[in-house]
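Next come two complexes, and both contain chain A; in the first it sits with chain B, in the second with chain C.
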Partner chain A sequence: MSVETQQSVATLRMPGGLGGLLPALILIGLFFVVPVLALLLRSVTDPAPGFQNYAALLGDGTYARVFFNTFLVAAVVTSVTVLVAFPVAWMLAIMPPALASIVFGVIVLSMWTNLLTRTYAWMVLLQRTGVINRALMATGLIDQPLPLINNLTGVTIGMVYIMLPFMILPLVGTLRAIDPMTLRAAALCGASPFQAFRRILLPLSLPGVAAGGLMVFVMSLGYFVTPALLGGTSNMMLAEMIAQMIQSLLNWGLGSAAAFILLVVTMALYALQLRLVGVRRATGGV
Partner chain B sequence: MTQPFLSIRKLRKAFGAFTAVHDVTLDIPRGEFLTFLGPSGSGKSTTLYAIAGFQDPSSGNVLLEGKSLLAVPSHKRNIGMVFQRYTLFPHLSVAENVAFPLRVRRRPEAEVKRKVADMLGLVRLESFAERLPGALSGGQQQRVALARALAYDPPILLMDEPLSALDKKLREEIQAEIRRIHRETGVTILYVTHDQEEALHLSDRIALFRDGRIEQTGTGEDLYLRPATDFVAGFIGNSNFLAAEHLETKDGASTIRLADGSLISGINANGAFSSGQKTRLMIRPEAFRLERGPTSAELAVEIVDVAFYGERRRIVARTAAGQEIDIRPTSAAMASQEATPRHRRVFFDPGAAFLFPA
Partner chain C sequence: MKLIFAGILAGLLTTTAAKAEDMVFTSWGGTTQEAQTKSWAEPFTAASGVKVLQDGPTDYGKLKAMVDAGNVSWDVVDVEMDFAIKAAKDGLLEPIDFNAVPKVDLDPRFTTDHAVGSFYYSFVLAWNKGAVSGEPAGWADMFDLKKSPGKRAFYKWSAPGVIEIALLADGVPADKLYPLDLDRAFKKLDTIKSDIVWWSGGAESQQLIASGEAAFGQLWNGRVFALEKDGADVGVTWGQNLTAADVLVVPKGAKNKDAAMKFLAAASSPTSQAKFAEASGYAPINTKAKAEMPADAVKALPDAHVDGQINLDMKYWAEHRDEIATRWYAWQAK
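Right, the complex of A and B next:
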């Protein structure tokens, strides 16, 4: 593309210079920046000015457990998602294009299905008398129903299911860019399938894994619905705690502080990703 | 009888209803540079892939020193290969690319270091060891691929159109490099190309493929000077085919009648012909002379066009029967003929002409 064309595109986008952007800037300011600032303000003024909300959150064992649990769930969900998504993405990358677009369609369709519906469906499947436990007991594999719900297992299953498309899509892009002949070359060089995977395919797909992984991790950190429905009281996540503080305890100050900490962590992770893989890859090339 | 080094036995490969390779049988002695030459879709790459283990043949066998390779997976065949596209590992440096086959074989570090240095020396890229493949030109990448394929001293090196992505000048440079490396290492090379000049420059022997079969195997000279079929004659070098009626053949020398009624005898016959059979007479453009020789046959033509091509001139001429032929005398031979008459005779040695069925 020539410089000239790029310039004309730029002029097209901003016909009136910065003035044309004003309505958009006002909108973003009003609905995004102001609420975040209000949140920050509330966290240091409610019920009284000072950092007592942050001190309480960071100094208390109960809250620390919630923070820890939030990161634990996000880490477990991200790891499992990567493990499940990788083979699917690889299959999609090497599939004939016509078939791949059908599979893509199925994956995207699941993203469009209502989140609550999907989570309730998992509740039906995973409960003590659910389909999975009854099937396993009928085949004689287990005597007692497995504890699949109201614990970390349930949250992981439900969330991995929801996060999979966000991992698969960037990963397919990365894997498609790898020339399959490279792997044939590796095989003829004497690399066993496992060696070819570990030394060639995996390193080459790392940018996709990193992009998808961080997206899933960040989304998981603030997730509410699935942990609330499939998780147990002993492994509460941050979003649930914030909901409780504000809805049940009406403690706006503490809730705001917790929300703000989550925001800072998320942004720090995003900044880290930008630093590591660059803007184009971090945003999926948009 | 001595056992051939590499032996391809009755190899057949079908993809559904389409048979890519019909029946290929070929013995390759150790150290030979053999080229599979043929148009695209003639089965030459499929045959190579069967040797590499990327495709299982439908039937037939591939034997290396008497042992079948078919049950051996690609990564245990110990075969080197250079591909059409550069298949270097983009995340590894040049040195690590060359070291890769040794690392997966868990060779000791000292040996890996020494071998990588040797190989980079062989392809003259010592100073590029720490670069990533992306920072190299196409020709350099293909030389690294060559070094990587030879690093583990494979008994056979397969090359699948390795120069087709390079421009002409670079191609000639790497051709010379490949010849030198073949000389220095003595590795047995199976080389696939659709470029006849490349095949003629490089190979000890050429197997010419057509529609999944080998049409003729021989040295470049065999194929050029003694083509077994009209396909070989048409594929290797340039050829003129003139319609001719076969009259008789005695001791391998045929007498024919051309469309203008002239009789020519002493022609090489490829096969048995009956009297009166329609045939095609093949004459190379450079076999035509402008002066009569001691054994010359002659042909009356009308000169249509003369063009200067440096060492040769190219004459487009029309026979009395209205067929256009291509004549390429050396420019020196032509110099005295500047005032070419439009109608004249051209001459050829019948011993350099071949008769094929029409």
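Right, the complex of A and C next:
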């Protein structure tokens, strides 16, 4: 995060920097700002002018539950992703470079495989008659198939798998930038490995965790395919509800309003994150 | 602004643009669209020289976006009949030119001013023989968790079918189904809600039953027919089979309207309908088609099971589509 900020500041200072930004700004204006404004407009004009779409969304228990589900899933996915990604990233950071590049290759390769294919693969693995349940039942560990799909468990497994690279990559960058001497110094001062992790490594890696976590959280908020295929209807997420409103109900006003609320909440979270990271940097501590 | 938005959307969504003399046919994919291509599009192209590009799956949001933006890349679309009635009322469809499409032999149940029947089908109770012992008697078995344990597969989207099944299982007589008692239906569905797996497309429904992931399912009869043809270990109960129909429509402002009307005439002809019915197990909407089919193929059609058959009320659904859908999705998300 901090590295990115410094880079953009550097770009701005370059002579002609603003001119160089122009193509990107036009692109964003044309393909992001204009559609978003159209969306906003539709949400207050379709089917009639007024705020009835927002009133319907905010006043209805069903929609409130879907909003809650969306944030719950995103939070669970982000937490699990951080827990799984941290050891992998640390290993990558301290591995010999030749070996690390192979592991990197494997991680990045998974991102190149079609998302739908990967999600269907999880369906085959997780379903009641799937590979995992059959293996567990054959070994006698369980009598009844575990409910691994069409629920929060299925969504979490499927999404964590997809989100891992987005967490690992920023984290490795941060961890590599930590001077290994700090850990050695901690050990020399008598810190146990756990103390060294908790008081040195973890605080120093927080910017990476924050950057990756924010990315994963925001991406999870808008996710469609994986929750739709691996989740049940009772933990429906917002993106799926919006798709229903647009495709099935043909209620574009309501769908636009829901999409706009999601966008506003996401941007507010991003702003909050920037502030928190900014404060941390400003005070020079954690 | 509305136009700009719709234009951008349609622009982004448009994947197939037809050249002059070509036309685009959109349907639901899978074994159904394959049969439509072979039975309708290929002979039509051979006879007329008009190339038929295939697109899909049918997406009502996309259809509306194209019409709103005035940039319609689909010429003929296979849609559910209740949607067609509603869409015609909303001005999304071209009227059918019955000078070009001979109407006389078409089943009047599935012909409207804005739609020609595509095929009609039944929702039937399909089950995996390995997961269910004995033969389920009817829809009520799907709500009896003690007698028949296992997951139940139902159609995910708000459409004619599941509500009626719940009411029939709850003891509502077939002739008293409409107007639908939604409270009663959802109450009945609540009793098995945690054992329902939802399927959103035909291939998924086939996979659920064939693998035994779900013990029973409410399936389109053509999808069960295809499973049986492939030798899957599935059974089918036709009692209380529920008929519904797909129809072919031309979106308002379609670029190749003349070709589209010619295609409709060809697709609804006795020969085309007979060929499709034989390949898919779905029933023809041309009353002369059955005479052109082999006797054993006729036996696989919903027509062979009129005993206890119930016609889902498309007009009722067209009128109450939005109201039911709103409640349906709210109930699902609970």
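Convention: the second predicted complex is superposed on the first by the 249 of 286 C-alpha atoms of A that agree within 3 Å, B and C clash if a C-alpha of one lies under 4 Å from a C-alpha of the other, contacts with A are read in each partner's own complex, and residues count from 1 in each chain.
Going forward, contacts are C-beta pairs under 8 Å (C-beta built on N, C-alpha and C of every residue); 3 or more make two chains touch, one makes a residue touch a chain.
Because the structure is predicted, anything quoted here is derived from the model rather than measured.
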| item | value |
| --- | --- |
| Touched partner set for A:Thr233, first chain B, second chain C, both or neither | second |
| Touched partner set for A:Thr182, first chain B, second chain C, both or neither | first |
| Which superposed partner A:Gly190 touches (first chain B, second chain C, both, neither) | first |
| First (chain B), second (chain C), both or neither touched by A:Leu204 | first |
| Superposition-derived comparison: chain B or chain C, residues of chain A touched | C |
| Which superposed partner A:Ile162 touches (first chain B, second chain C, both, neither) | neither |
| First, second, both or neither for A:Leu250, with chain B first and chain C second | second |
| First, second, both or neither for A:Leu57, with chain B first and chain C second | neither |
| Touched partner set for A:Arg65, first chain B, second chain C, both or neither | second |
| Partner chain(s) touched by A:Val216 [first = chain B, second = chain C, both, neither] | neither |
| Sites on chain A touched by chain B in the complex | 179, 181-182, 184-193, 195-196, 199-200, 203-204 |
| Complex contact set, residues of chain A against chain C | 34-35, 37-39, 41-42, 45-46, 60, 62, 65-66, 127-129, 150, 228, 232-234, 236, 241, 244, 246-252 |
| In the complex, chain B residues that touch chain A | 52-54, 73-81, 83, 85, 87-91, 100-101, 103-105, 145, 148-149, 152 |
| Chain A-facing residues of chain C, complex | 1-2, 4-5, 8, 59-62, 64, 151, 156-158, 197-198, 200, 211-213, 322, 325-326, 329-330, 332-334 |
